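These are the structures, in structure tokens.
One chain, chain A, appears in both complexes that follow, with chain B as partner in the first and chain C in the second.
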Partner chain A sequence: MAIELPKGTLITQLDSLVSWCRKNSLWPMPFATACCGIELMATGASTHDLARFGAEVFRFSPRQCDLMIVAGRVVMKMMPVLQRVWLQMHEPKWCIAMGACASTGGVFDTYSVVQGIDRFIPVDVYVPGCPPRPEQLLQAIIDLQEKIQREGTTWCREFSLPERQKLPRALREEV
Partner chain B sequence: MTPSRDLTTPTTVDRLRSVFPQASAHPSDDVPRVVVPRDAVRAVLEWLHGPGGFAFLADVTCVDYLHYHGATDRFGLVYLLTNLETNERIIVRTFVNDPAPSVPSVVDLWEAANWLEREVWDLFGIRFEGHPDLRRVVLPPAFESHPLRKDYPLQGLGERHNLPVVRRGEG
Partner chain C sequence: MVLVFPVVGRRAFSDRWRVMEPVLPLFLLVLCGVGLGLVLLVLGQIVNPRRSSRVKRMPYESGVDPFHDARRHVDVRFYLLAIAFLVFDVELLFLYPWAVASGPAPAHVPAAAVVASSTVETDSAPSKVADPSPTTTGARNVAPGIDAAVAAGTVESRHFVFGGTMVFVGLLALGLVYDWRKGVFQWR
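Moving on, here comes the complex of A and B:
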């Protein structure tokens, strides 16, 4: 049994439509603490033009953002600030760990530098590099867009799945 | 060639040593240096602040001489002073030792010493007696060690992993 649709009508899933809207209007929160922040600015500037991916609206208020880009090393004293900013962002929200320091601590294997922000907040995409080139950050945003389209749901059920709850890396007590 | 060269007369050190014979002068072609015993450092700094005319405290810092070749004392404290009228500079050094190394605070002489002494307390664990507010200034308040000591491991004692975790779905 086929239903005759009026001309110009498109049928899709609501989840797919909502994810399509979300992925093309990411509002980044720049959490730039080091040289990666400069590359982050370059990504937003005219040459690399993050606006092509609908993500050019950098906001410095976490209330208005849904993508946190952590660009640079995070020390122990900064971690509560980072978590507070993250908690102030509205769902649905995503996080990119930009550069070696945000992802792993990088060369700063010292007592005060957090060895990867994913130990303490959820991370969706990691960008390698020291610092990464703007193209790499653009690729990370494209990957994140694919991820949002692939698994996004209207009511954000994907965030409460058990595999999203567990931390990607074991918390170890290193002495 | 610094402009202070002509003004850096040895007379300041000579005057200081005439008042405090226990202060030993170390010749230097740059900034004159005096080493004083820990019990006299407060009086020497008071003299430099008053009659000496050193109105500006440029820095207070510390060196850990653990395992240092030929060292007899553990911590070397360094005070860098400047006389803003004559452009003279002077370095005052003293040594303190474990356990519980401490020196008198000089916050009442130079207000600038407040955060400098807090930093030395934070990173080296040297107590400044009489400091009005000896809290940590660089590291988080919950930190317990003094990480610039040479016997503190570079990668810490696990403090950097001992933070609360935010998971998906919170907030």
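Moving on, here comes the complex of A and C:
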């Protein structure tokens, strides 16, 4: 039975297992710069209880995190900090742009505010809203979990795909 | 673990090991704890993409450039202050039990509670039930402390304890005066 299976079946199952582990133990790195951070805190609090999805362990060091939640507007002066924190996170790592400001710049249509953080770092899930309700952030985490389960690999090959590296706005990881 | 424990614990163990049976769950707990930690560490080493870069290896200073080494020099004058602090810290550590023991007997503890606690003590050692120790008979109505010790005859008097403590405090105060004269507390 096992011999007749095509090659690669076992590897796929390991990928699935590892992705299942990863998606249920997301450790967020809060990059909360504005009012979305309040909603982020509310999401972690007991009413909405981010712990139901295994993502309650907020860490303030990029060494321990694998999910960056950018909540709030990012100004140009803040961008090198955000970029460096993102680069200091270890693979596998994902990013949620929470709120209109982080996704598109929002109402701050000026030269000093980054018009969407995806110009500098790759974003997996965008959350609309100004600020989004905690339910929306929960939905974003659920969506991200589906994405991790769908395309996650054990050795994080999806992070070094040539397509990803050729994305016009994605940052090259070898800095 | 549930399956292993009865077999190992009840049947296969010789009499020599049977005396260890009460602490066997503790050993199993330690074994599981250490084993789980080791397994997770090894698993993390195996299933672990290794991508290192210059930015990842640099120290984390909330995203900004680190501006000095973590192991920088500390002024040697802090050493004297730390020593002086440590002396009085330890002094306080010794003074607290003395202060608690020399206080009056707490009013809210009835004498029956003291008696009950002494009977519990004798229950745990059944061979000494009939042995009237001085703490259970003579000092029955006195709360544990210096008064109880005086009543039991272990200590001569309250003044003796007080004098000893004052000698201890006085010696350290002498050290403080010496420090002061030597200018330890002047930042120069």
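In this section, the second predicted complex is superposed on the first by the 153 of 175 C-alpha atoms of A that agree within 3 Å, B and C clash if a C-alpha of one lies under 4 Å from a C-alpha of the other, contacts with A are read in each partner's own complex, and residues count from 1 in each chain.
The criterion applied here is as follows: a residue touches a chain if its C-beta (ideal position, glycine included) is under 8 Å from a C-beta of that chain, and two chains touch if they have at least 3 such contacts.
Everything numeric here is computed off the predicted structure, so don't read it as measured data.
Visitor: Determine, under the contact definition given at the top, whether A:R63 touches first (chain B), second (chain C), both, or neither.
Guide: The answer is second: A:R63 touches chain C but not chain B.
Visitor: Tell me which partner A:M79 touches in the superposition: chain B (first), chain C (second), both or neither.
Guide: It touches chain B, and chain C stays clear.
Visitor: On the A-aligned overlay, A:M98 touches which partner chain: chain B = first, chain C = second, or both, or neither?
Guide: neither
Visitor: Report for A:V114: first if it touches chain B alone, second if chain C alone, otherwise both or neither.
Guide: first
Visitor: Let me test your reading of the model: by the given contact rule, A:L87 touches which partner, first (chain B), second (chain C), both or neither?
Guide: The answer is both, since A:L87 touches chain B and chain C.
Visitor: Looking at A:T154 after the superposition, I want to know if it touches chain B, chain C, both of them or none. Which is it: first, second, both, neither?
Guide: Second partner only, chain C.
Visitor: State which residues of chain A lie in both footprints, the one left by chain B and the one left by chain C.
Guide: Shared contact residues on chain A: 80, 87-88, 159-160, 173-175.
Visitor: Quick check on the complex: what are the chain B residues that touch chain A?
Guide: Residues of chain B touching chain A: 139-140, 143, 147, 152-171.
Visitor: State the interface residues of chain A toward chain C in the complex, per the touch definition above.
Guide: 18, 61-63, 80-82, 84-85, 87-88, 90-92, 154-156, 159-160, 173-175
Visitor: Can you check the complex and tell me which residues of chain A touch chain B?
Guide: That would be residues 76-77, 79-80, 83, 86-89, 109-115, 119-122, 159-160, 164-165, 167, 171-175 of chain A.
Visitor: Where on chain C is chain A touching in the complex?
Guide: It comes out as residues 47, 49, 51, 53-56, 58, 60, 62-64.
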